[in-house]
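Read through the structures below before going on.
Two complexes come next, and they have one chain in common, chain A, joined by chain B in the first and chain C in the second.
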Partner chain A sequence: MNPEFSRNHFELLGLPVAFAIDPAALDDAYRELQGRVHPDRFAAAGEAERRVAMQWATRANEAYRTLRNPVDRARYLLGLRGFDTGEESNTAMPPDFLMQQMEWRESVEEARSSRDPAALEALRREIDASRAEMHARLARALGGERNYDAGCSLVRKLRFLDKIEAEIDEVLETMAGSAG
Partner chain B sequence: MAYSDKVIDHYENPRNVGSFTKDEEGVATGMVGAPACGDVMKLQIKVGADGVIEDAKFKTYGCGSAIASSSLVTEWVKGKTLEEAAGIRNTQIAEELALPPVKIHCSILAEDAIKAAVADYRKKYGEGDADPARKAAD
Partner chain C sequence: MSLMQISEPGETPEPHQRRLAVGIDLGTTHSLVATVRSGSAECLPDAAGRVLLPSVVRYGPSGVLSVGHEAHAAVADDPANTIASVKRFMGRGVADVAKYGALPYHFVDAPGMVGIETAAGVRSPVQVSAEILRTLRARAEESLGGELFGAVVTVPAYFDDSQRQATKDAARIAGLNVLRLLNEPTAAAIAYGLDNASEGTFAIFDLGGGTFDLSILKLTRGVFEVLSTSGDSALGGDDFDQAVARHWRKAHGLADASGRDTRRLLAAAREVKERLTSAESADALVTLTWGQQLHLRLSRREFEEITAPLVQKTLGPTRKALRDAGLAAAQVDGVVLVGGATRMPHLQRAVEAFFKREPLVNLDPEQVVALGAAIQANALAGNRAAGDDWLLLDVTPLSLGLETMGGLVEKVIPRNSTIPVARAQEFTTFRDGQAAMAVHVVQGERELVSDCRSLARFELRGIPPMVAGAARIVVTFQVDADGLLSVSAREKTTGVSASVAVKPSYGLSDDEVAAMLREGFDHAQADRDARALAEQRVEAEGLTAALRAALAQDGDLLTPAERASLEAGLASLDVARQGTDHRALKAAVEALNRASEPFAARRMDRSVSRALAGKRLDQVSTK
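Let's turn to the complex of A and B:
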């Protein structure tokens, strides 16, 4: 077996290089690949072959993890197209989006101080709806439109949504923990 | 991670927190965000008729270093011209607050925020000194 480490994640799993992905096909492809390269299958093989199998298994895991998550998949695909999402460097978000982020964070603070888990759940539903809409726009931008700049911008925005949801979860956990 | 004394001081006693009313004369706003950490920063300046920044306010959602960076910048820009304020570099902020490498992006965010506020002012009132531009904007 010859590990072609130059193959990208999509190719490795035998999937089309595209943002739109069938989660079931991804799972199947991963299971199939993992079955072929699992280190247990090479227990009786030589040292070198076992090492190669291990590298394959690691590659397969990384590919699966990246492609399973829509934001990671989008970032990876944009990278293949030569686009940097600029999550570490690009701070110029659209003002209305940032205003929304401020308002959401204020709502989290209010709910935290008034100990209002229902308000947090409602906010999370609002954020989930916003995320679903952004995922749909991401699929269009990276699909037919081939608007990769818009794709980069959406990845940056989605990072904010992940962050605030993690904060909401933390606050909810703290509330649940101190309730009893 | 250990925060420097200056970061802790700004974090515990942030200077100039809040906002100006939107329609206040000479007020401009810079809003920026850091996707990697989810920080959001709003920095406002109030510029006098002589083109000097009279006052500044900020609101930041983020870690201690992000709050300290914006608090420090609001102090620094007071009494500065727009040109001088736009010349503030993140390295100066990072040095003053003794930020560790992983927190340098907080100082970059603060630099970008003041730049965005100055750009907003110039968009509203025109380039250069405030006085003639103000008249043009009335």
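Let's turn to the complex of A and C:
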């Protein structure tokens, strides 16, 4: 009935359905869409219009948020291709990745007890490098290779990376806080 | 009252249709009202030419109410009935206000929000704030020569849901049509950004009388995008006065000074603080209630030492906002200082040292929020000039979540999500045959429910008997463009549902707001009915005109049956409009609004479709 509203995130923003994305085109398309549907454009309109505007702006924010973040975008694209990344159910990881995980976790704990923000920043750079490398692999798997199983596995790994990074941020925040 | 927008977004209605709209900065110590006149925003002064209205309300003897300067003059003599800095109590409970230290009020414990015992009886902070808003509304209507179409009211960006809801209720009680609740630093960014045609990343450092906000915004080609916001809704210029008063109490052995004496010391502290902005030292003479005279003296150096911890306290949220935006301090292109408290030299130095750049102060830090709100109000009322199509994208300051097993919080909407935003989370039952599920909505960043603010509790009942883990309960959070949350829950396999506008926890039900609204008008029942009827008639006329125009323009989107049903709705609205029953008329307006929603949705879809088609054509033609 409302064909535009039910389009997928890529189509809604006029972008090709693909992992590789032009960030500037995404930003422009999002701003243009919000400029048209945002509740601020309908603040003086009737109740029905205001409600519809809120639903549309919510939809536009969801599409933008999902496509802007590479992991979210990959998960969403895999979903469109009929693949479930299984992040809650499938926690099996290759042993080398698990080893790496444990090392990182130990480093966070060490830095926490020795109150060493520099070590945490260094660790974050290491994780960022690892993430960049996985993003490149993800782009290949979801692009030319069409290896969606590998894509799912990379999304699961990247989610672990995000969790560790969130832990690092939390430790840094407590350190900054207690230092005054 | 509200007309459906028939023109394209961004177009200005005919000059005679120009609607009167204002921006209101409801501050802790001062409040202001501003409007856009002949293309530029200006603050509206009172009859004596003053734009700042002290945010003080006095419930005087024999029922005399005073607001502003007159009330402020009575602060030291009648402290218990003269309510200052009421913003600090909005949406707060007894335990919260206890943290503010010694205050001369008699607080009454009420569910969710405190009440204040006054000569006029117990008053809610919402009612006290409404008096301030009513005064500003009267000032604006007198100055602009007509009834206001609507207002944008600002709130600290770091205000939680209870504080926002309380502010919106206060505005409603003051008889204002709230076009939007706008975050204070964002309002400042609008005034500043449009004034300077700025592009880039800006930090807005807003230290007001009672609240501190730090927002990071990106300004690109007319889009104001808030990247992150942080702050402390209980830190402001007032705390600097308190620190000085505390210092004097200790130095002069006045540990148990009375309410009046505390107020006198605070007033002296504020005066000295303000003078120390330019002077190296300042003194004050205070006469205590028992006649003793105190000669108080403070050097700028002492003042800076006493209040250094407060200045430091602003840097934590500043770091957090930068981290959330994924930026280093050096990547910020400009720092804007907002709020009277940012006049303090040691604070300016601290901000400059942190960002390694001189802060911008070219707009009056006390007026800039009201000016930005006025610009936004003007746009929301539909008075935009052609080409004036800037857009504002704001965020929710605090994470929203649900209580799960063991008193833990499951986050549903993370902080700094662009609003409006909706998220759903699925839960299941943990006992065989479980028929109900309690939903507890909380706001905050901590992992334990007990460390977060409780916003609402409700129960989803009537879940049909199933084995544990079989039910699929979807809880949906929706935050609207005002930053206000509503929550609904639904059992997927059966469709049993429950929903709540997040409100009950803070204490005022819709009926209570309506009662306060009635109290505010000293009209007889007949007058009130006449006023309500007149309002509903305007509403009905607007709806009729807009819907007829929409039918003429996009009627092809409807089946003949759908069209007939809307025509029938219009006809019954017309009948109700001839009558004198305002409740029946209101019901007819609401029914037609509901019935026309699918039509509105299809029209919006068509508008987006045309924009996308135009864009696709552009892309083809440029290739």
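The rule is short, and it goes like this: the second predicted complex is superposed on the first by the 169 of 180 C-alpha atoms of A that agree within 3 Å, B and C clash if a C-alpha of one lies under 4 Å from a C-alpha of the other, contacts with A are read in each partner's own complex, and residues count from 1 in each chain.
Here, a residue touches a chain if its C-beta (ideal position, glycine included) is under 8 Å from a C-beta of that chain, and two chains touch if they have at least 3 such contacts.
This one's a predicted model, so the numbers in the text were calculated from it and none came from an experiment.
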Chain B versus chain C as contact partner of A:D22, first or second or both or neither: neither
Touched partner set for A:R41, first chain B, second chain C, both or neither: second
Chain B versus chain C, judged by how many residues of chain A each one touches: C
A:D128 touches, of chain B and chain C: first, second, both or neither? neither
Touching partner for A:E145 - first (chain B), second (chain C), both, neither: neither
Which superposed partner A:D84 touches (first chain B, second chain C, both, neither): neither
Which of chain B and chain C A:R31 touches, first, second, both or neither: second
Which of chain B and chain C A:R51 touches, first, second, both or neither: second
First, second, both or neither for A:A176, with chain B first and chain C second: second
Complex interface listing, chain B residues touching chain A: 31-38, 40, 42, 59, 61, 105, 108-109, 112-113, 116
Parts of chain C lying in touch with chain A, wherever the complex brings them together: 2-5, 9-10, 19, 149-150, 179-180, 220, 223, 309, 312, 316, 319-320, 323, 376, 379-382, 389, 391-393, 417-422, 478, 480-481, 542-543, 546-547, 590, 593-594, 596-602, 604-605, 607-609, 611-612, 615-616, 619
Residues on chain A engaged by chain C in the complex (per definition of touch): 1-5, 14, 27, 29, 31-49, 51-58, 61-62, 64-65, 169, 172-173, 176-177, 180
Chain B-touching residues of chain A, taken from the complex the two chains share: 85-93, 95, 97-99, 101-102, 105, 155-157, 159-160, 162-164, 167
